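Next, two complexes with chain A in common: one pairs it with chain B, the other with chain C.
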Partner chain A sequence: MQNKEDLPANATVDVVTSGKASEIDDWETIKDNDIMQQQSAILAEEAEKIQYVGDKEPVSSLAAEYQSGSAILLEKIKVLNEQYAALRRTRGDGNCFFRSFMFSYLEHILETQDQVEVDRVKASVEKCRKTLLDLGYTEFTFEDFFGLFIEQLESVLQGNEGSISQEELVARCRDQSVSDYVVMFFRFVTSGEIKRRSEFFEPFIMGLSNATVEQFCKSSVEPMGEESDHVHITALSDALGVPIRVVYLDRSSCDTGGTSVNHHDFIPTSEALPSTASGGSEASKPYITLLYRPGHYDILYCK
Partner chain B sequence: MTSPSASTPKALSKIACNRLQKELVEWQVNPPVGFKHKVTDDLQRWVIEVNGAPGTLYANETFQLQVDFPEHYPMEAPQVVFIPPAPLHPHIYSNGHICLDILYDSWSPAMTVSSVCISILSMLSSSTEKQRPADNDRYVKKCRNGRSPKETRWWFHDDKV
Partner chain C sequence: MVDIARVQKELQECNKDKDSSGISVKLKGGNSLTHLVGSIPGPLATPYEGGTFLIDIVIPDGYPFEPPKMQFVTRVWHPNISSQSGAICLDILKKEWSPALTIKTALVSIQALLSAPEPDDPQDAVVAQQYLKDYQTFANTARYWTEAYAKSSSVGIEEKVRRLVEMGFPEVMAKDALDAVGGDENAALEKLCS
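For the complex of A and B:
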């Protein structure tokens, strides 16, 4: 949630045309300015009521937010409730995609104890490290973040000295000193992948923001709190080789008659592997499912 | 609310301390052109001398930047101000506060003191007129209580200068 984007358009214009700092002289803008500050304070307060990563809850709990809203959303929530076992909310602080991915991925490793996957992802992380160095990043700017992610990855594998339980994983993902660092790790990885394949990402970025790849990474990927779009998801999924399903809960209706909920699968491009005719193997089936509502991602659990 | 600059800053976290030590070593090996770090034993506050680039409006002028690091650096941005007298520039207030997005909303842990310095010098170098921001007096008056520039709600609308 970027507060500035939620502001009334007239306020933005007034403020931008006068000064650089927000103290403005005429009454109109003082009023707008007060409202803006109030709005942003309210949004910040609202966001903090929700943990970085919430508790598991029934999908049907979503309905409470739409009781007076559109019937199509309530219908879709019913469908989701039948298809998915549970929901886990994340805080709407602009990091929700990365935070959801972090928890979902680490929880998957904790539950499956998939050593092969851990070895595979570690190799991908090494490639990302090399990408950043090749791009000219100074190693000390990212090494702590990489180290912290590898530490979390190893600790969800059981039987080691530092192994952690599911409860501890929840606690760590709620602890700013771990959670934000892992989010930042993903931001580095995402930025590196976008820059490494800038020719591929450029048209999508132009469509989104009319910025260059370099500007986009600097202003919309690397700072904390910047929201994610399909460009970020594609880049992260490709860089780490982890498929992601995003389920869309929006007002769009389908022409097939009955209510259904759209989803999109982000399947990593396997540059290293030769593409086979059979394609969609077990490996490319997403085990991470996120629920997207305009401006926000939460975690979904499959039945 | 008390201003962070008025109260004693919280000590650096272990991660912040490690990171700053690495930045300091890197700076000593490879300092950005036009800057000189004044060596002190305070890791949490750096004072840096800036020389205006040759061929720009600020050639042959020297300024001082004060960089204060928060407990959770680099997750949180450093506070960067000019120690008055600050350069005459449309984005620099007479109290030394700098209107530059990377110091606030657009800060990222991918940046370093060195990269911030380079951005500030580039901002100075591209200036075409030596003047204060239009709202200088009003803003500076508001800051008399010692408020940090990080508490200002900045609007960045001009990326040409």
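For the complex of A and C:
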């Protein structure tokens, strides 16, 4: 009996193995180039679905994605819809945190025309440049990225020759040749800050990935498309001295009854904050609000 | 789309300390900054010691967001380098590439890979198996390949320079011409005559 049972089983295995073998033959002919080309084709396909930075839309539009999903999420979306004015999606290409931050920060400067903030952040950027040089980075590897960010910063201030409107800011953040450079600028800044304060960041990094600070920056911060975590957000917020609020849309429920949506404020360490305002709470109140859903960040607008 | 200014800066930077590092990058031929040849010395105390390894470098359109395409021109016996095609298995040439890296840092990493093979993540399964199961045979083969392929080119170049000098070209010009075309004697002759 057993033999009879074994036989067909073996036969099936054989078929499967030979099928696999021929597949592997095919795989061997595929070169890295082909894989990379295929990868960029997939990315291009993705690009048609959503821009790097989308249009403003009502927060309630999120509900469509969860119609058949958890009731907690739908409840939370209702709460968010009451608390926030609008949502702006970003492409889920692993750069969404940096891209959301870029648009949100530049839009904030465009709307407030806050010259003091621009001067302050420029000083922070200058410190970041020095950090990278101290860490042994070759200047030409990062200078273009720094230059392009400063250019965007200056162009959102009105009254200059190169000033741009809100529509132009949207267009630039959708233009790869600007958008990716600014994302990379933030990656440089983040990596520099993590390495500069490696003793502070090390335990968090060990908890996340069991890698050294150096390895973490090399494999999870500096390459494009690597997703951001608490460590990245903390480092960027500290390095630039910009507070960030992250609102979490997840399944966690509240013990106290009723539905509320959790958030976490990333407040820069005091050394990064403007000295004149260190006593006031104004300086540390986040004006950048991001919506986090597991694996992705979008932009939220306050009412 | 290639950031030509950056490639130019990289070439300067890389060749600035080539006497101490032994690592250099040249144009493949012609004036294109998108096709280059890198040269790295085999690390000391490895089977590659004494060899000079040439690496073909193509700068893609998306550089520096996309990694440079690198593969060995010089044949080499190593677990992470194809003994057939010269293809290199190295994280920073693929998903861990970042614009923070340069052609030079990539070549330095390749040199480090020669010192510290990673047989568990092989490019050439046959070499990797040999490395793990019979290290002595691996080391002997790698050393033999270094003798046969990574040294002959320099000997060959001297011979070619001598022949070009005999034809009446100054030695310096003959060397430069051979360098510029990657050692092809006929192409060098054509360049000298043009």
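Going forward, the second predicted complex is superposed on the first by the 246 of 303 C-alpha atoms of A that agree within 3 Å, B and C clash if a C-alpha of one lies under 4 Å from a C-alpha of the other, contacts with A are read in each partner's own complex, and residues count from 1 in each chain.
In this section, a contact is a pair of C-beta atoms (placed from the backbone, for glycine too) under 8 Å apart; a residue touches a chain by one contact, two chains touch by 3 or more.
Fair warning: this is a prediction, and the values are worked out from it, not measured in the lab.
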Which superposed partner A:145 touches (first chain B, second chain C, both, neither): both
Which superposed partner A:223 touches (first chain B, second chain C, both, neither): both
Which superposed partner A:191 touches (first chain B, second chain C, both, neither): both
Per-residue touch tally on chain A - higher for chain B or for chain C: B
Touched partner set for A:137, first chain B, second chain C, both or neither: both
Partner chain in contact with A:101 - chain B first, chain C second, else both or neither: neither
Chain A positions touched by chain B in one structure and by chain C in the second: 33, 36, 137-138, 140-142, 144-145, 180, 184, 187-188, 191, 218-219, 222-224
Chain A residues touching chain B - in the complex, by the definition given at the top: 15-25, 33, 36-37, 137-138, 140-142, 144-145, 177, 180-181, 184, 187-188, 191, 218-219, 222-225
Residues on chain B engaged by chain A in the complex (per definition of touch): 13, 15, 18-19, 22-23, 26, 72, 74-75, 91, 93, 97, 99, 101, 105-112, 133-135, 138-139, 142, 152-158
Touch list for chain A against partner chain C, complex: 31-33, 36, 137-138, 140-142, 144-145, 180, 184, 187-188, 191, 218-219, 222-224
Residues on chain C engaged by chain A in the complex (per definition of touch): 3, 6, 9-10, 13, 64-66, 69, 87, 91-92, 94-102
